[in-house]
């Protein structure tokens, strides 16, 4: 446990350091007000720390719920598609059509059905993530060696048992990979999900700071997204221990 | 060959059909002007077919170049990270920080350095995709059985040979998966990359139709993105044949 | 209780493995299968369990369920994420055996197969022979009426081999089940087989029916004579 | 030309495999290693190739490069994406052998190992014994000074086994290389081994040095007597 | 498809008798000067005094707002004449009930060296085509007799970077962004307010106008109270409210430099309206000409 923690802080430190290095480089290279100095941004962050906390909490909650829903829905679908090639042949054309759609263009639909509140924001995030999860889980489950399936058939495992004892442990690394991708996309999408009718959320913070041309505030928000992402990523990395 | 083709058309047909079904369902359910009927949209598409073609070509080219660059850069980096755990420990914190950033927020920076032209658009797409590729390739290469590494060591393969004869074939399915994810994201990001200073591109088409509230045109653009995505996905599926 | 093969035809692409093959495996017996490498012994097992479907002909179960037939595969596949005791518990879990029973059964098998010290190891940390013993033990956790073993002792030293052979005979005896064992070891075929079958010529062929005294065969001269004779017989075909 | 083990200690977690072990493998010889399952034979191979590092002690190469030592692993691992002929060509490609030479060498090996009909098959479509022959052939594509074979004939029928054994003897003879062969088959150990080593007690121990006539041993009574004696010797330890 | 006209005339009659319902009015705003009276009315309790309740939903892009309107997620919004006409064409029935406070400025980029409107002849101007920004630019261009090239950059922030970096020669902006850009070196070439160009509007859904006209009246009473408040107080006094709504400091600075009093909510000029509709039709943004009476009803404004 202690080792894991010290690892976490070491890599957090490394992450922040290299992030700052890139930032300073850009700052010096661009010499433009659109890229504020890390120091000015740091001071800004300190000034609005309570507010920042609220923004972070609001965004984290939305992301967390959306991720949870996406895994709850996407995981079973992905597994089913991999187990029943027929269903895959039937459904994957639709998936392939829906996947590349810019979900943000469907805001009207989300608003129409679910209003302006949190629910439609979470659903927007969900709709972006869930297809990723489905496709990565499906692709992962497809690479399970045929031999392994044979063992389960040998023991006359029911479908549910095959999922429980073979597929879930076998695709655990794929689930982690799909979570990584999903978190990245979810965080980047906050930016669109939170650009209407909200008072809290990092996406909202960044966007409104941008409109105000308050670049230090904007970069404070961006840094928080990066930090939030980093922490979520490390949490996922630490789950790798449960992988074989 | 013939089988593959007929398969393609079968699934294209299925895809369009189910896509239309979802669309019609939404159309009927919402009964709102923001979701035009497929027929009206179809007529619109026919009316602007030449223009639509140009939009598709412009977007495809941008996506293609960005994807190519992302694979050329991301594949080697991902492989190196997987081969040298030290480099992974050093670099992954930065990756984890950069990955979740909303790249669109850096548009001003891209513009600053590379102007309003195609180059900055492609670079924006590239910056969105390349981190996906790196992380999915790395995660994929990490799951190569230790036994396989042993065989290569046994034959005293150089690093380059290990990549050529073991890692590339072994992670081929992962490369395909990362391409799928990347294409999805790239197409969805067109929407942002093409939202400035351009005359052609599906993202531009959708956005300008949206501001004009010309919903049939908007949905024509969305349909084209979906179709483009579908075709790219099927191309990738067909590459699966080269997988073991 | 029997598995009856009738007029079986099986072809891989252009490679005819069985042609109009008939055979019947009865209950309460150990069959040993001999035959050159690549002739179709493992394929036969897949046909018996229904994992592969013949192009024509039938495999009928009489008074036996598919779920009462179990294979121990040639490659000793154990899921890489399971420890030895988890691997032994898996078939029991799947068959919804109670926790208590599972625990005691796993314990007994670990002991019988000398795997106690390895209970918490994963497959990658096992030697070839250890893995093979785990695979056999896994096949014995349930009480299959028909147990198909594909070269179950190929990676074992002589002593371990003999131990496992006796273990198998005892298990068969107490359970009154049927075992079908593929082996390349003539002595093993002779020692274990109540019927010895040769797989060749796209057919199954009974070639011997050892009748010597069951106890202490390994010391009996009679046994070695039989082996030498069997070896000659196999070679001639 | 030799590999010299000095004062070797190797421990897996709490499991001591070798303790202050000394041994020397010389050139132009076939060694066979006998020993109970799980004693550390495969581990010894990993130590000889440097794939595993001893906790203390040394493995020294004298007049031999690491690149001239090759292992044929116990599990016959062949990359699932390669066909048989691609698998045989792989080590040659890695060693930058010219295309023409690679082609003819692969062809010869396919013929010698009776794999011609399987040249374009992938591993999943091979039988256990076929896979094993591919693995051995793969080990022979290059001309290693030391070839380490880990139970190379465990999945082969008697006839194929004898063929491979003779193949190995011939290869060793023409190349004047050294082979170290792990086996559980006493006859194999006696037939192939110019020196027979028992792995046990965390030590390597020469137990026999068969000196009977090299030709036609399989027909010689002398050979079988030797085997019986060897078996007893192994069992006693 | 065209909207029904009878509703416009029917509603005002009933409005005096009914009591203000107190139900919420969902009102969409963008972060611009026009939103300030509404924000103040809300924060200073003027809406409450009138017995009504307003939920201010703020949007960062006109697209999102339009979508919300068409999804019937809002009861009223700030936009402009051409947006209203487009809504109508898209069968979203709303009626313009007043104009708004607004001041659009044409800004030249610092690098361009342009100091007067004429200098923009054949230059690149970034704006959102088909809407009020282009209309204003067109009016200026026509007055001065030149043509210019439109560079379409919908994203607001990207537009300002393009301007400051000199990627484009000019841009059209509303307050407070115009002042901010001016602070950073952009040159103000003209102002819609001083040139008397007005296109911005407040409109409500026909359904709410029909069902709760008294609420809308109350809305305007409070709105005017807020205007009075703005006239009586320095902007710096309510600067913290503005910053809570994510307005930059430049907003209060700009407000304080205004010499004239802000006007109460007022009707949109009919000639101006017709010109805008004509322009919008010419842009093929709408395919029919809407009349003043069809789209407006200013009877909710107290005399």
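By written order: A, B, C, D and E. Residues from 1 in each chain.
By definition in this document, a residue touches a chain if its C-beta (ideal position, glycine included) is under 8 Å from a C-beta of that chain, and two chains touch if they have at least 3 such contacts.
Being a predicted model, the structure only gives us computed values, none of them experimental.
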Stepping chain to touching chain, what's the minimum from chain C to chain E?
2
From the C-alpha centres, identify the chain that is farthest from chain C.
E
For chain A versus chain E, what separation do you get between their C-alpha means, in angstrom?
37
Just how far, in Å, is the C-alpha centre of chain E from the one of chain B?
38
Centroid of chain D to centroid of chain E, CA atoms only: how many Å?
86
Could you work out how far the Cα centre of chain B sits from that of chain D, in whole Å?
49
Quick check on chain C: which residues sit in contact with 2+ other chains?
75
Shared-contact residues (touching 2 or more other chains) in chain B
32, 34, 108, 112, 210
Going by residue number, chain E touches two or more other chains at 67, 70-72, 157, 161, 165
For chain A, which residues are in contact with chain B within the complex?
11-12, 14-16, 18-19, 22, 26, 29-30, 32, 34-35, 89-94, 96-105, 108-109, 112-113, 128, 131-132, 135-136, 139-140, 142-143, 173, 176-177, 180-181, 183-185, 187-191, 203, 206, 210, 218, 222, 225-230, 232-234
Quick check: in the complex, which residue numbers of chain C touch chain D?
12, 34-38, 41-42, 74-75, 125-130, 132-133, 150-151, 154-161, 184, 186, 231, 234-235
Chain E partner contacts - residues on chain B that touch it in the complex:
32-34, 107-108, 111-112, 115-116, 192, 195-198, 204, 207-208, 210-213, 215
Interface residues, chain A side, partner chain C - complex
147-148, 150-151, 153-158, 161, 165-166, 169-170, 172, 243-244
Contact residues on chain E for chain B in the complex?
62-63, 66-67, 70-72, 86-87, 90-92, 126, 128-131, 151-155, 157-159, 161-162, 165, 167, 285
